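Here chain A shows up in two complexes: once beside chain B, once beside chain C.
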Partner chain A sequence: MAEKPILIIGGGPAGLEAARSIADLGYQAVLVEKRERLGGTPDEAHYAKLTPDLRDAPKAMQEMIDPVTNNPNVKIHFGSTVTSASGSAGNFDVTIKNSKGSTTENVGAVIVATGFQHFDPGRETQQYGYYEHDDVLTLVDLEKMLTEHKVVRPSNGQPPKSLCFIQCVGSRDRQIGNEYCSKVCCGIASKGAIEVRQLLPDCKVYIFYIDMRMYGYWENEIYWPAQEKYKVNYVKGIVTEVVKKGDGLMIKGEDTTLGRPMEIPMDIVVLSVGMEPSAGTREMAKVFGLQLNKYNFIETTGGPLDTVTTTVEGVYACGASTGPADLEDSVSSAGLAAMKAISLVRKAAQAA
Partner chain B sequence: MALDLRINKYADVPMEEKQRLFDEVTRDERFEEYLYGCYECGICVASCPSARFYDFSPRRIAQAVAREDVDLVYTLMNDSIWDCSQCFSCDRCPRKNSPGGLITIMREVAVNNGLSSAQEALEGYGRIVYKIMGTGTQVSPDMLQPNAFPDWGPHVKDISDNLDIWRRALPPETLHTTETGWQVDDKTIIELYLIWHMTGVMNMIQEVDEGLYEILVDVMEERLEEEGYDVTFD
Partner chain C sequence: MGSLKSVEPERIREKEHLVQDGMDISGHWNRMFEQRVIWEYTPELIEKVTDVEGAESFGWCYQCAQCVPVCPVNTVGDYAPRRIFRRVQTGMDLFTSPDLWQCTTCANCLRVCPKEVNMMNIMPAVRQEAVLEGNAPQELLDVFQNTFDYGNPLGESPKKRAAWTKKAGVDVPLMKDKKKADILWFVECYPSYHPRGIDASIAMARVLDALNIDYGILGAEEKCSCDSQRIAGEQGLFEEFAEHNIKLLKKYKVKNVVVTDPHALNALRHEYPKLGAKFKTIHYTTYLAPMMDKLDFKKELGYKVTFHDPCYLGRHNGEYEAPRDMLKAIPGVELIEMGRCRENSYCCGGGGGGMWLDGFMADHVTERLSERRVREAVETGADVLVVCCPYEVSRFEDAVKSTGNEGKLLVKDIIELVAEAMELV
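Moving on, here comes the complex of A and B:
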């Protein structure tokens, strides 16, 4: 008996990589994407360049999308969500709904690749006045400006003379509940800092941090160049508040390594917002009965040695649906999920 | 002396002047090999002998310059760099920075621009500079003076009072002089004078110690004239 198709939920980097892997190996993939286009968060949030290699994001995502579209082994449901599921490993019936109605697919395994959402800096308290000051942005807002090659103060349309990133906004914070490190923001802020310096050489750029976390080659791909070539100012010390000063802003904090308080006028403040489980991730956990971890990401059961197996047999999760993940993690775990899903549908077919 | 970085001690010095000195430091051709970037790990401080005895931190030097904190660099150039012993233990930096090398550049900039702190810091060395540059020998017995070396203890006074006798009592050949350490060849001292003249060293001396400069110029010009060189220092 032929192998049943594998359902992939989410058309971002992880979902695309899983679909491509399955199709390349000659198996059938059914890809469900809630938006009308593929590319996931990098596309939806207008990423300009990828971290860490500063590749053009739309171009890089298109290279992931192309092998999946018009591929006889991949069936794509656009504008669709999975609303219910029944059955068990090797034989799931899932209901897929779009604006026109619903259809059912019979699949052998499921890969959840529903990703994350950016932390909303107004969620708990009005952190750093994001909804109060025009010139307080998030990494996402800055990405959009970088995509348009135009970084200006929203308050007056002028290019900034000073810009800072505040790290760990919505991450590593017991008060907020997100105790984890979002893993990518140090690299993304440093990448953004490089891009701002390239675009506006006269703009002084600061990064206020608790710890800089750019492991492996990110150290030399982003951190050192940002510091050495682009003269980005890394200050260990988190800003406590952003206040209005004249027609600009002022940040207050402590410069911990110099042991002195700091009050620096700033034209633009960028909040390095972390990752939270997306609505889709929480929803799919409900549909498939997957256990969530303390932070509402999908729980995986294999510790460091198996990053994709969930508490429900036959359902795998990859990318940022299981916790903060960079693109390297997402694509790698997607490949692993594809492999495990294929091996399950093969065994099921052989047993039948 | 404790260095209080919470106050801007030199707030009255114009920013343009601070920036000018900062640019002079970063334009130095050695600069790019002395500073890459600083992640403020403190390994340089841990290896620094001066940091154990003074409120001195090679890290603070590196990070202030790396952050392009022009105000702070000016403060450090006045109040901190003279506490460095230039031993270069800080060269063990994992980023391959050389805080000690940065300090070398900063000291040269401070001296070349006649910063009052440079004058103060070098005040005690006037006699040594005079000895080296006047005679070509580095140290001589008559430099052993109790007022110059109070930390050597009270017995220095007894010795310096009768230096000539102590000197004669030593078994090796001591030239029976207390003014030079050894004999310097005529050709050597003339070449030294010419080198200092041509490389701008005398201009540096003039910036920090006008009196010493005048004395040295008199000595050098006279000697050079005797040897047939027509050299003036101004």
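Moving on, here comes the complex of A and C:
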């Protein structure tokens, strides 16, 4: 008996990689994407360049999308969500709904690749005033400006003379409930800092941090060039609050390596917002009965040695649906999820 | 501490509002003379440094602070590369700051720096700019002037550069007369002029004579190698003198040079080749260590000694074994190492222009580096602090006196111990 198709939920980097892997190996993939476009968060949030290699994001994502679209082995449901599921490993019936109605697909395995959402700085316990001050942005807002090659102060339309990133906004915080490190923000802020310096060579750029977490090659690929070549100023000591001063902003914090308070005027403040589970991730956990961890990401069962197997047999999760993940993590875990899902549908077919 | 007079805080008069050098230091005890709040960062002042050719790595510091505990100046003051970086980032102009002149370029920070922030390149480059602007301590400028006028930093007559040889009691051949020799001994300034340097030079001449070495010296033709002047900011003077010395050595077709001064070693080995020099230069300890078994020792010295690694022999040029091999070969010498030895040896304070900045440094440190080092030497229980850099004998002898250790510790060059055991002195 032929192998049943594998359902992939989410058309971002992880979902695309999973779909491509399954199709390349000659198996059938059914891809469900809630938007009318593929590309996931890098596309939806207007990423200008990818971290860490600063590749053009739309171009790089298109290279992931192309092998999946018009692929005879991949069936794509755009503008669709999975609303219910029944059955068990090797034989799931899932209901897929779009604006026109519902359809049902019978699949052998499921890969959840529903990703993350950016932390809403309105929930920040510090006084960063994202919703009060026009010139306080998030990494996402800055990405959009960088895509348009126009970084200006929203308050007056003028290019900033000084811009800073505040790290760990919404991450590593017991009060907020996000005790984890979001893993990518140090790199993305440093990448953004490089891009701002390229665009506005006269703008002083600062990164205020608790500790820089530039693991692996991100250290030498982003952090060091940002400091050494692009003269980005890294200051250890997180900002406690952002207040209005004259026409601009003033950041207040402690410069911890000097042990002195700082009160620095700043034209633009960028909040390095972390990752939280997306609505889709939480919704799919409900639909498939997956256990969530204490932060509402999908729980995986294999510890560090199996990053994709969930508490429900036949359902795998990859990318940032299981916790903060960079692109490297996302595509790697997507490949692993594809492999495990294929293995399952093959065994199911052989047993039938 | 019981004898110290105490003063009630209320009895200290202080200004209610005080702005010092543009810094608002108002507050109780005037905030220990430091502005409390940082009101601006000044990355432009970092870029002013990193824009100077050779000083680029100044901007690479990521504040790991590994340089701090190994910086010899920080032990007696408030210094170290990471601190300088932060001060420049918060308003200090390095080009006009006292921080520019405290570094002895001992290279201990670079040894541990993961980012390879290289003060040995940064300091000379920035100092050169400061010197051109006239922003250098006067005592240093005086030494530059002496070197320029007399060919040596001590301001001694260039004609008398070989005068010490008359006291040697053995023939010290001049290249001018001899024309050709296996070895050119580059004597350098302190060994030619300083009384304690001369003691070591006489010992060296007698040992070379006893070994029947075919060598010559340049005598009055020789000029200062100028390595420390270069590092203190006088690149122009350095190049002029280097060209002079290189020309001489070419004239005498010199292939092998032995130096007594590790600073000269550094110049001749690393800087002179950039200007076309092709000879090989080694320190006298490297030269003599393999010949120790050929020496005719006549007596046991009965000394407990400790050895100070010169920064410019050890960290800068990688020679740690030869001086120790020599010491081990001298009869009746027991070597006790100090805690800070070999790669993490503590600087005597003389390098990078420090030799000529004692007055300036006194305003910035609690005690001289040489004094700190002498205390460490005394703690080992050694009778003799052994050195092999001509800056050190005088620095350490002064420090023995100023730390109240006179009579407890002698300071000797290795070659003096060799000559003593051979009964040549």
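One rule holds in what follows: the second predicted complex is superposed on the first by the 348 of 352 C-alpha atoms of A that agree within 3 Å, B and C clash if a C-alpha of one lies under 4 Å from a C-alpha of the other, contacts with A are read in each partner's own complex, and residues count from 1 in each chain.
Convention: contacts are C-beta pairs under 8 Å (C-beta built on N, C-alpha and C of every residue); 3 or more make two chains touch, one makes a residue touch a chain.
This one's a predicted model, so the numbers in the text were calculated from it and none came from an experiment.
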Q.
For the combined arrangement obtained by superposing on chain A, do chain B and chain C clash, or do they fit?
A. clash
Q: Considering only the touch criterion stated at the top, classify A:P265 as touching first (chain B), second (chain C), both, or neither.
A: second
Q) With the two structures laid over each other on chain A, which partner does A:E148 touch: chain B (first), chain C (second), both, or neither? A) neither
Q. Touching A:N233, do we find chain B (first), chain C (second), both, or neither?
A. both
**Q.** Winner by number of chain A residues touched, once chain B and chain C are compared
**A.** C
Q. Looking at the overlay, what does A:T257 touch: chain B (first), chain C (second), both, or neither?
A. both
Q: Could you look at A:E44 and tell me whether it touches chain B, chain C, both or neither (first, second, both, neither)?
A: neither
Q: Superposing the two structures on chain A, identify the stretch of chain C from 134-142, 278-286, 296-304 or 332-340 that clashes with chain B.
A: 134-142
Q) For chain A, which residues lie in the overlap of the chain B contacts and the chain C contacts? A) 204, 212, 224, 227-228, 231, 233-236, 257-258, 260-261
Q) Which positions of chain A touch chain C when the two form their complex? A) 204, 206, 212, 223-224, 227-228, 231, 233-236, 255, 257-258, 260-265
Q. Which chain B residues qualify as touching chain A in the complex?
A. 5-6, 36-40, 59-60, 63-64, 66-68, 72, 95
**Q.** Contacting residues of chain A [partner chain B, same complex]
**A.** 204, 212, 224, 227-228, 231, 233-236, 257-261
(Q) Under the stated contact criterion, what part of chain C meets chain A in this complex? (A) 36-41, 43-44, 46-47, 50, 59-60, 62-63, 65, 82, 86, 89-90, 115
